[in-house]
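Chain nomenclature is as follows: A, B and C, assigned in order of appearance, with residue numbering initiated at 1 for each chain independently.
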Amino acid sequence: MATPSPFKPAAVEAAQRHLEAFALGNSDVALTVLTSGDGFEIAAYPAKGPVTARVAAMSSSMQALAQALTREAGLGRNRSLIVETDTGSAIVLDLDDTLPRTSLAVIASNRELLGKLIWASRNLCKQLEKTLGQ
Amino acid sequence: MTAPAASQARTSRNIALLKPARDNEDLVEHALQLFDSMLWVFRGTTRSDWTLSPPADADVVVVHQAEASDRVNALRSQGKLIVVLSTQRAAQAADEHTLVYPFPATQVMSLLEQLDEHLDGVRVEKAPTASPAAIATNQNTWSFVDAVRTVRAARNPGIWLSVEDSHGPVLWVRGDGARYQCSAATQAALRLGQLSGSPLVMERIATPRAGLLNGPGDELLWHCAYHASNSYAPWLNESTTYRLRYWPDLGQLRIGDDLTTTSQLRVIAALDALPSSPRMLLKRARVAREHAIRTLNALSACGFIEVVEAAAPTAQRTQFQAAKPQSGFRQLFRNLRRHLQRRSGR
Amino acid sequence: MNAAGELKIVFTGPMGAGKTTAITAISDTPPVSTEVANNDQQAFAKASTTVALDFGQLALSDGTVVRLYGTPGQERFAFMWEILGRGAMGVILLIDANSPNALNDLEHYTRTFRGISPGQPFVVGIGRLHDAADDALAPFRERLATHGIVVPIFSVDVRKHEDTQLLIATVMAILEARMPEPEHGHA
């Protein structure tokens, strides 16, 4: 499937490097995927593969459902979505001000403290927003 | 027939079909088309010639029952006779000048004659005209359906056949039966089963008239066969087992009447679930006998069903997981149908 | 059987076939939508696309609610198909006849959904059909017939309420035809 790329190749490359640095700096992070609102994988670490493509699609579905829920509940736009399991967690964060709308999915193992992971992921989002905004 | 003597010049009458300003109902359109198509079919059989004209020049104006009363009164005060088309099925004809859709051809014919007399200001002794009787009869219906089936079997797309009633061509069928052409009005009559009543004759011609609607052959055959009779088509056997080969395209063939559509769906679904003889099907499909028979007639004429030669294996039904409504499925379906019909404004 | 479960009908089919349109046309309440901007204009040129589900409902007079779900059309969301398809009273597959992939779409979705729940009533609506062809539905019928599958295939325009209604009515008729004992009374 040819992935339509809404962003410039240079921006995507820079985003890819941010994801890599993030994963290397946070040892419990298993997977990070930057995803367009309609579920296309833009960048991923480890590099693009069948798993990252599926995570991209699933995270955009969940993000859209969360959005539908917060809209229904009158809570406004949702910023993030957290899924905790016995062995790990998945976080989906909305990036601000990217056109088209983009989100970041982070999959990590349990050893990571969730609060720290969210904080680190938010910082990564800020870097990505800057990179993609250029 | 009370044909005018040759020396007697035929009177010409003008008639106008007034489209409602606020025309948001398909049925109104159909009713007007049906009336129009009948005028066409009656050409040459009525005492006078009826020609379509603008309301200003008309002797008779046909209006829908929802037409604004001041407009109708204005027309009346100009001395025009008014015919009212009603699309409320339950409605009784308010008077003899009201036609409740779907009105039979015979009624329109006698109304025209009556208006004609009125315009003459003479009371002619009423003699039953031959034409309405001919139009009302069904005895030639299967022969027409048979003729179309024969054309389909002949598979000769290189020629066209015109279908004529006693007054001229009304419909054109391609030599393989896969296409037909006619006016919108004739198509409306076809769908309502009001075309096939008169004796129809086929003749080979070069090409159809220009500017006609073009439809698939299944549509022609389906409607003719459906409306042909409320007893079995001659080629159907009540105790032979038939199975559904494939579903007809009800997206195209349905006439937009919920009762007919529901009945047709039930008959087809019942046959799809289990090959059956017509006799068994009548018990299983849970529709009025007439609807079941008509649907079977149409299905068989178009070749959607076929005879099962060997003893039918009992249908293998794979179970699937789905929730069950508290009140049972049948109650659910009744409610759901009512709900959807109300929503669609019927 | 799950007596307390939801009564649902699922609309599926490829991108742009009209799943969201159909549910919007027939739902009593404004549907819950998960539409987002569509970045793949090549796949289908339209502004938005469904990424999780469409959800509408028919609230009947006796309090029963029939839920209508639409799946996302794009293949990468296929994981949603099974989630939504399982347990449905029926599946309605919409196909865009204008698409060069129409026949493959038909086969692919039919096999997928018959795989999820083989006995489920399955109805196909073909949109944007130009009936200039003698029997425009024949290729669709024949494609399924090669796999021994006979299901209702209707030409529809799901922008029209009555066409979507026909598809739902067909699901009902198929379920009715399978019911063993007639209950009392006629509809």
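The criterion applied here is as follows: a contact is a pair of C-beta atoms (placed from the backbone, for glycine too) under 8 Å apart; a residue touches a chain by one contact, two chains touch by 3 or more.
Being a predicted model, the structure only gives us computed values, none of them experimental.
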Remark   = Per-chain C-alpha mean nearest global C-alpha mean belongs to chain C
Message = Using the stated contact rule, I'd like to know whether B-C or A-C comes out ahead in C-beta pair count.
response = B-C
Request  = Please identify which chain has its centre, taken as the mean of its CA atoms, farthest from the centre of chain A.
outcome  = B
Request  = Report, in whole Å, the distance between the mean C-alpha point of chain A and the mean C-alpha point of chain B.
outcome  = 61
Remark   = Taking each chain's mean CA coordinate, chain A and chain C are separated, in whole Å, by 32
Note = Listed in rising order, chain C residues that touch 2 or more other chains are none
Ask   = Multi-chain contacts in chain A: which residues touch at least two other chains?
value = none
Request  = Note which residues of chain A are touching chain C in the complex, please.
outcome  = 1-2, 4, 6, 36-40, 53-54, 56-58, 60-62, 64-65, 67-68, 72, 100-101
Remark   = chain B residues touching chain C in their complex are 176, 178-179, 214-218, 244-247, 249-252, 254, 256, 261-262, 265-266, 268-270, 272-274, 284-286, 317-340, 343-344
Key: chain B contact footprint on chain C (complex, rising order)   = 1-8, 26, 28, 58, 60-62, 64, 66, 86-89, 117-120, 125-126, 131-132, 134-137, 141, 145, 150-156, 161-163, 165-166, 168-170, 172-179, 182-183, 186-187
Ask   = In the complex of these two chains, what residues of chain C are touching chain A?
value = 32-42, 49, 51-53, 72, 74-77, 79-80
